Every structure is written in structure tokens, then in C-alpha cells.
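Chain naming follows the written order as A, B, C and D, and within any one chain the residues start at number 1.
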Amino acid sequence: MGIIVVEVMLKPEILDPQGQAVASALPRLGFTFAKSVRQGKRFEIEVDGEPTDAQLAEVEKAAHTLLSNPVIENYTVKASN
Amino acid sequence: MALDTVKHAQENPDTPQPYKELGLKDDEYASIKSILGRRPTSSELAMYSVMWSEHCSYKSSKIHLKQFSEKAVKSDALLVGIGENAGVVDVGQGYAVTFKIESHNHPSYIEPYQGAATGVGGIVRDILTMGARPIAVMDPLRFGDPGNPDTRRVLPGIVAGIGGYGNCLGLPNIGGEIVFDDTYQGNPLVNALCVGVMKHSDIKLATAHGAGNLVVLFGAKTGGDGIGGVSVLASETFSDASSKKPTKRPAVQVGDPFAEKVLIECSLEIFAEDLVIGIQDLGGAGLSCATSELASAGSGGMDIRLETVPLRDPSLSPEEILMSESQERMCAIVEPSKLKRFMAICKKWDVTATVIGEVTTGTRLNITFNGELIVDVPPRTVAHDGPVYNRPMVKPAYFDSLAPVDVPLPTTPDEIKAAVLKLMAAPNLADKTWVTNQYDRYVQGNTVLSQPEDSGVIRIDTNTNLGVAISTDANARWSYLNPYEGAKLALLESCRNIATNGAKPLAVTNCLNFGSPEDPEVMWQFAETVRGLADACLEMGLPITGGNVSFYNQTGAVAILPTPIIGVLGVVQDVTKRTSMGMKPGQEIYLIGDSGDNFSGSEWAYIHGKQIGDHSPVADLAKEKRLIDLILEGQPIFEAAHDVSNGGFAASIAEMVMRTNVGAVITLPGNLSAELLAETPGRIVVAINEANTNALVALAGKYQIPVRHVGKSGGNSLTINGAVISIDELRAANTGVLEALFG
Amino acid sequence: MRIGVVTFPGSLDDRSALRAIELAGGIAVPLFHAHNDLKEVQAVILPGGFSYGDYLRCGAISRFSPIMESIILAAEHGFPVLGICNGFQILCESHLLPGALTRNADLHFICTDQRVAVENVSTPWTRGYTKGEEIVIPIKNGEGSFQCSDETLAELEDEGRIVLRYVGKNPNGSRNGIAGISNKRGNVVGVMPHPEQAIENLTGPSEDGLNFFASILKEMVSR
Amino acid sequence: MGIIVVEVMLKPEILDPQGQAVASALPRLGFTFAKSVRQGKRFEIEVDGEPTDAQLAEVEKAAHTLLSNPVIENYTVKASN
């Protein structure tokens, strides 16, 4: 059984209040490594058998229409291993 | 990097500038040149282009809106009038209330959630800027065909955005509207109202007085939000090979309600310690607007060091910083001696605050970038002396093709039952709970009445029980048939809605949503609407405290129905005495006001082939005034009350029955279908105890308003002239409609 | 009787909670998240709201506020703490209460008058109610669905630590219809519904919530 | 400048209404590939220079205490390439 992963992140120029909140919370906890933080979504889609190119193409379509909002978000689709 | 300084502009008078791309006409560009005696720098061009836009300059509406002030009655209640961020009225006991509606239609169509969310954010900052604590919001909405897939795209997002932002700010949502009509398909309307309260002494104004006082920008950092247009300038400016093109600019603004919430608490603490001379929120046109308006409302001179503005996106050019519409920002004028305390409070709330300039003795707004002068203008010419147009108007051609309404008129009990159930299942009348349950109506603990009541009622003093009521209304179909009467009728319905709950009308705000002002027919609708509203307010003795105009609401050549959303605010002396629409068994039901048989613009006509009809009702202001007085004087004897509007008497009585699950037996005399389904204005339904019959009849005589006994409450069904409709049947028809469409 | 209410950045129902304490006859003491000073209060309420915007996870960031250090320490020694809505979420994130509050099943924010049953009346916050008493108080949240492991769930049920349970239709998919729980000792209670918004018939669906505040005050006196 | 990625997913036994909503929306749009969908979070943390093991260890700590809630979520930390 295969997994196709879709990662959706806000476009770089779009404000990310959640990422900002995390970035400013980290130092308060003594974590100093972050220059900036962006928060996005991760979808794990379970498919029958090994992901096929046809499936990946379909997921690509779904990522564009349903899983992401192209106005403010970018996405990537890949078979997970 | 080639910075277009004032010097550079003087030395290169003929550099071509993209003023057209920025929406400026040839003559507008010419008058900027003559104001400055030279070509504008790209930064100045950025400021003028955005401040002289329709949205900021009201260039098409100004000459009409004048009437709101010219015709206005002198009202002692009016503490701050049109022109400030929001009007302020005296509600007694030392309290002042400010309220205003604004539109965020276009952004909400592009990105429903964020568009609606930032719409709420914007109007809340307007209210905060007056020195008030925001205490409630309302959201009049308009959508296209509920069955259209695109409505399914925009509605849930818009509702979630309004809730997502308003809930996070802790503002109870106490009312609004949801109306569907095909003309809104490519152009939904998202209007947002906010109301705030303060003590008289706390009123703040947008003014920059006192040379040496500091200009402090506080709140969110500045990003590239909402400056798509000006990027052309940036690329012009940086056109020499050496410079990198600016990175892509966001098409939509994303709201940060948490940032706004802390900004509210921070600002209120700053106000409480009286630390600001003047204050202005950053909305449309961002810093261009805030600096030029603060300066022109003050002594006139202001120096700004643009490089000190904290940026979210370091690649922003000066032009872009000036035009950025990044949300959750405010600009204050602070005396140097008070800066330390001001900064301490910002630190307490983790709000970024930066001194970006100061008020000067001069008369010019001077903006430098790393020491180089890039803006040198008389602030008034940017903020107030924009172009004014008297656009051509013509009565629309559609008036020649209006057809009288042709609808079935139920007479038998079966027909009546079918009609009522069909009506109550229409999306425009269906239960709105699926929407309103996504809004927090309890937060702050002062919500006395909210949806589905006629108005929202908020307590403002827990000891004296002083409160205010607000309703927003519009009947766009009547406005389409007669914009002059339509505007009057909307005002009257709104007055009636708050009076029904026990509030005396005090002040008016409005949001005028129309098509393109460059279309003479639309311009005529607009002018007629303004004239009607001004006349009606004059006659009703109500001041208009502010509002908003939204033009260009059209898809291709098709304009939306003219949609003037009118909000009326009233005072409730003792909120514990308010009247709701819920009946108890055994009460006598009366219909107050005359019924007519005009179905034009009614929901009954609309659900039969979307007919509109041929003529709107005519507002009888003198009579409505008497009706309002009757309603207010009758409050002590009203056990329940609900106005009659969309859906006529049938909808009103059905809503009352469902409110508390108390049935009613109704007998309507005369022209049954007209009594039941026509939407003759100037009517309300009340329930009283039998003992008060004479008192009601006496009131009717005193105010010469017909009052008719139409039935008695009780049982678990609504019976109308023999048609028996169980409450369960009513509910089944009326609820779940929106959920089925959009859930 | 001094009862504290903590204001975190983004708290919304803090003023309502303070008012509820006063209506019940107590002394309401505002506390600020940035100081670890509990100002001699005898019990503390973490109010509803969207602290830190509910970003990351509800309560995840507030949990690390300085005042929480003091509260966590005190709570472990029996100090009474009530978390309402966002306060409940903060208590779970702080591990003072088990489980977690997750997205409502229908993914919508829900504001409605909710009927709940008071099942545990031995906590200092609920002693004024009678066991099984049904009350109506508002819920208003987007992430009120209580989730936990099967073991935890069994433990909560067996030890009678379900304080409030939804009556009728489960509004948000909470396991076993859980609307509120307590820690083993009973001094720490978290509830999703808002008792502070049901203290006056004028502005709420009932006055059923007032007893939370009356209970703790009575408890304090009797100590 | 390096990026460290933290992925946070709900534990398998925890109800995931968002994932379920996506899973049931897909077929309505004609997408039939998904047997099930889980939705989680993805953090992109920007750090100075190439991520070091020390940094990764710190991020691991932050992921455990702040970025995830161990009661209901699992997480993974990795340097992105």
C-alpha cells in the first residue's frame, strides 16, 4: 500500500501569522536556532499499491483544486518512501 | 539604485511616468504637476494615485454625499460627524457610541476567507481609532444564486472568515443579513459593521498637532500587501540593470486577528493613560493615507523617515512602503514626554512600535528615504483636494420593460399551507442558524438580543442597564424599482427593527453598494438613492454619522441591484425591558399598520420565476414616524413584537411561532393573499395580554395607526384561516436549507 | 475570598469570568500571564478566548507563560484551577489534565446553547450542583472535541472524573461526549462550555453557570 | 542558509476530521485514488548556514515540547535539501 504526500505552504510573500507566532515563541523557551518559521499543511494520501504516475497526476490535479488555495499557497506532490 | 528623489524629478522633468497604469487620467496627472510645479517623484505619484482613487477620494460620489451634511438636521447627540474615521453619538450617562459600516466586496470574491476577515479587521480599527472599545459586529451579506457552484465557493469561506476574525477579537456578532440574488453572482457583497463605546472625554481624532510631537507607527510589520498596482512603479524606478526586480507582491492580504486583538488592548491602555494627541488607523492607502490625513488635519507640517518603517519584506521599495495595505497597523501622534510610557505599554503587549517622524512647524509633508527627499507635498492636496466629478446620469432603460407581478394567490387552506411552507423554505427566508452559529454572540457578556431578532441589542452599562440597538437593512429589489423610495424604505425598516425591540432611533450609518459610476444609469440610481436617504433622514430627524461607498460592483455590463445597506443605531434606556419576538401561550396577536396588495419586490414574487414587478411602495414618512412613536410608547404592554418585512406577515408570524415553539391561531380578514404575502412596509406584529387591549386601542387612536386583532397564541401549530401547519412542519421547511446547500 | 483570572494575550472571556466571581460574591483578581505572581489568590481561572490566536495548537504557546509555572506548581499541591474553553486547552497542553482538544468534527466554530449533565459534584468547582443535574450553558469553540487514548478514557470513566457530559447530540465528536474533566485529585477542572456566559438570564441562555463560582467560594470559606 | 523541516501528524488512533473531510470531498470532485487521507502540519525552519547536528538536536527538543503535542501527535525532524 503506497502513500502520496502533498505539502502545501503559503507563498513566500504571503503573511504567515502562525509561523510568526511559533518563531517568536521559540526564543522564550530558550530555542535560538530559528531565523524564521513558516507553517504549512501536510497531507498523507493512502493509495492502492505503489503510487503510479497516473495517480500522481491525479493527485496533482486535486492538490491544485482542493488541497491548496492557489491564490495564496504553493504545493508539492511526491510519492513517499 | 536609482532613487527618484525630488531633486532627480526636478532635473529630469520629462521622465515618462506610468500614471495611466496607476489609474490616473491625463488631466489628473496634469493637475498633480501644477500642484507641485514639477513632475511628481515616483513616490509622490504613488501617493496621489492611491489617494485620488475612487475608493479613497470619493471623486464620483462626493457631490452627491454633500446632501448628508447639507440637509442634515442639527442634532445635539452628534459629537463627531461625517469625515472622521467614524461618527460618534451621545447616548447619555456620559457614554458615547461610534459605529460604521464598510464594504470588502471585491477582495472577498477573490479570496473569500481572507477578504471577509480583513474586512472585519478594517472596520474594527476605524472604531478603535475613535478611542472606543469595540463591542459588537454585524455582517450584511449578499450572494448570487444559492444553487450556483461559485456561491458554494464564496459563501462558506466568507462566513468562516467573518467568524474566524471576529470571534478571535472577542466581538459578539449580533446581526446581519444574508440575501441571494443572481446579480451578485460575480460580485458578492461583504459589508461589515462595528460599534464601539467610550466616555465622552475619551474621544480621539485623527490629527497631528504640535511641532516636535512624534509620529509613531505601531502594530504589524509592513509587507507587500495590496500593492499589486504600484509594482509597476517600483520596476520603473529600479529599471536600471544594476538593480534586482522586486519580488512578487501578494494578490491578497492575509489577516492576523491575534495581532489585531493585542493591538486593541494595547491601544485602549494607551488611550486610558491619555498618551496620544491624535491617532489614525492604516487601512486603504496605508501610510500615504495616514500621514497625509494626520498632517492635513493638524498644523500641516510633518517629516517622515521612511527607512525606519519596520518591514516584513526587505525588498520593498519606498513607493511600495507608502502604498502597502498591510493589516493591523496604527499611527499615533505622541508628545516626546509621553513616548517612554507609550513604548512600555506596547512592550507589555508585544506590539512593535517605531518613531518614524515628527510634526513640524512647516506646511509640507516631507518624506525622506535614507536622507534623500523623495516626497515634498502640501498634505491637503493628497488627502482632500482630489478630483471631483459630476458624472452624467440617465434614468435606466429597464424602466420601460418592467412588468407587473403575476403570481398565484392562495385562497384555500391547502393552498395557504403550501404557500407558507414554500415561502419559509426559500433561501432568503430560511433559518440562518447554520451561519450565525459560526459566530460568537455571547463574548463580552453583554448581548441582550441577537439573531434571529429584529435588531442586535447590547448592554453598555451593567449598573444602569443602558444599552444600544442596531439593525442593518436594505431591500435592493425596491431600490431597483425606485432607488429614491428604496433608500427611504430601507431606513424606515431599520428604524422599525430597533424600535420593535425597544430602542429609540438616534443615528444612521450606511454602505452604498453600486455598479460602475461611469455608467450613467448606475450613477442615476446612486444619486436617487443618496437623495432619498438624505430626505428621509432629514424628515426622521436622524443624523448620518458616516458610511462607505462601494462602486464597480458589476460583472461585465451587468451591475448588481442598487444595494444601500442602512444601519440605524438607537438607545435602550433599560435593556431589561427589551421586547423580543418570542410569544407565550394565551396572548392576543395584533397586526399594526395598513396592508396593501403590492407584490412588487416581494419574496413571493421572487420565488415565482424571480419576478421583481413594476413599482416599489412609496414611503410615508409622517406615518412611519407615528408608528415608531406608537411602538416605543407601547413597549410596556408588548409581550412580543416582530416587524413585517421580507416574506410579509406570513414570515413574521412563522418566525415568532418558531422562536419559542408557541403556536398561533390566525384569522386574516379581507384580501387574504395580500394580507399574508405582500410586503407592505410600515407594519409590525405584536402579542399582548388581553388586559391591555384597551391600552393598545388607545395608542392606535392617539397615533392614527390602524391596529387589527388577528389571532391568539397557543398550541403547537400555526393555523391561518383554517390552514393548519404544525410547528414541526414549519421547522422542517425552514431549517437545514443553508446547511444542505453549503454545509 | 480572592479568585484570580489570568489574562493571556488573546484571552476574551477574562472580564466575564471576573464579573461572574463578583456576582457570586467573591473578590475577583486580574492576573497577567507575564508575571508568575499569584497575588495571594485562593483559586485561579484560566478563561476562554484565543490565546496567541490559537496558532500552532490551542493553548500550546500560553502553556509556557511565566504565570503557568506558578499555577502548575500550585496545582500539584491541590490548588484549585478551573480552565474554561481555551483555559481547558491550556491545562491539557500543560499536562495538568490528560487528553487533548481537537478540531470539531464538522470543522466549524460552533456557538450554541448546550445542555450538559454535571456528573462529578465532588470537585471544588461543582460541589454546588446535584449529581446528574442537567444545565444549559453556551459552547463557543472551533476545537472542542476531546480526544485521548483508550486507557486514559477508561481511567477517566472508572475514576468518575468526567465532570460535564453533553446531553443529546454530541456537538463536536468528543469521545464519550465529554465536555469537562478533572485531574485525579479533583482540584484541577477543565470544561469546554462557558459557565461565565450563563450567569444572567438577560445575557445568557440561563443562570446555570453561576454555581461554578458559588461552589468554589463556598469551598474556600469552609476550608 | 539552511532549512530544517518538522512534520507533525496526528497519531493513527486519533480522530482526524480534517483528513476525513478531504477524503470524502475527493470523490465528489471525481478523484477516486484515495483510500484514506491524514492531514498534518509542516514547519519550515530557517537556520543560519547548513543545518548542524547540534541544531537538529535542538529542533528535536522544540518539536517535542512545542511544535507537537505528544499526547496526540507524532513528529519527524530532518534537514531539507
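Simple rule for what comes next: a contact is a pair of C-beta atoms (placed from the backbone, for glycine too) under 8 Å apart; a residue touches a chain by one contact, two chains touch by 3 or more.
Please read these numbers as outputs of a predicted model, since none were measured by experiment.
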Selected pair, greater C-beta contact count between A-C and C-D: C-D
Inter-chain centre distance, chain A versus chain D - centres from mean C-alpha coordinates, in Å: 8
Chain C and chain D, separation of their C-alpha mean positions in angstrom: 29
Mean-CA-position distance for chain C and chain A (Å): 34
Length of the line joining the C-alpha centres of chain B and chain D, rounded to whole Å: 40
Shared-contact residues (touching 2 or more other chains) in chain A: 17, 21-22, 25, 29, 39
Touching two or more other chains - residue numbers and ranges from chain C: 52-53, 55-56, 61, 64, 106
Touching two or more other chains - residues of chain B: 256, 258-259, 350
Each pair of chains that touches, named by its two labels: A-B, A-C, A-D, B-C, C-D
Residues of chain A touching chain B in the complex: 10-17, 20-21, 24, 69, 71-72
Partner chain D, residues of chain A touching it in the complex: 1, 4, 7-9, 19, 22, 25-26, 29, 31, 33-48, 55, 58-59, 61-62, 65-67
Chain A-touching residues of chain B, taken from the complex the two chains share: 110-111, 114, 220, 223-225, 247-254, 256, 258-259, 312-313, 326, 350
Of chain A, residues touching chain C in the complex: 17-18, 21-22, 25, 28-29, 39
Touching residues on chain C, where the partner in the complex is chain B: 9-10, 12-13, 15-16, 19, 34, 48-50, 52-55, 106, 108-112, 138, 140, 142, 194, 196-197, 199-200, 202-204
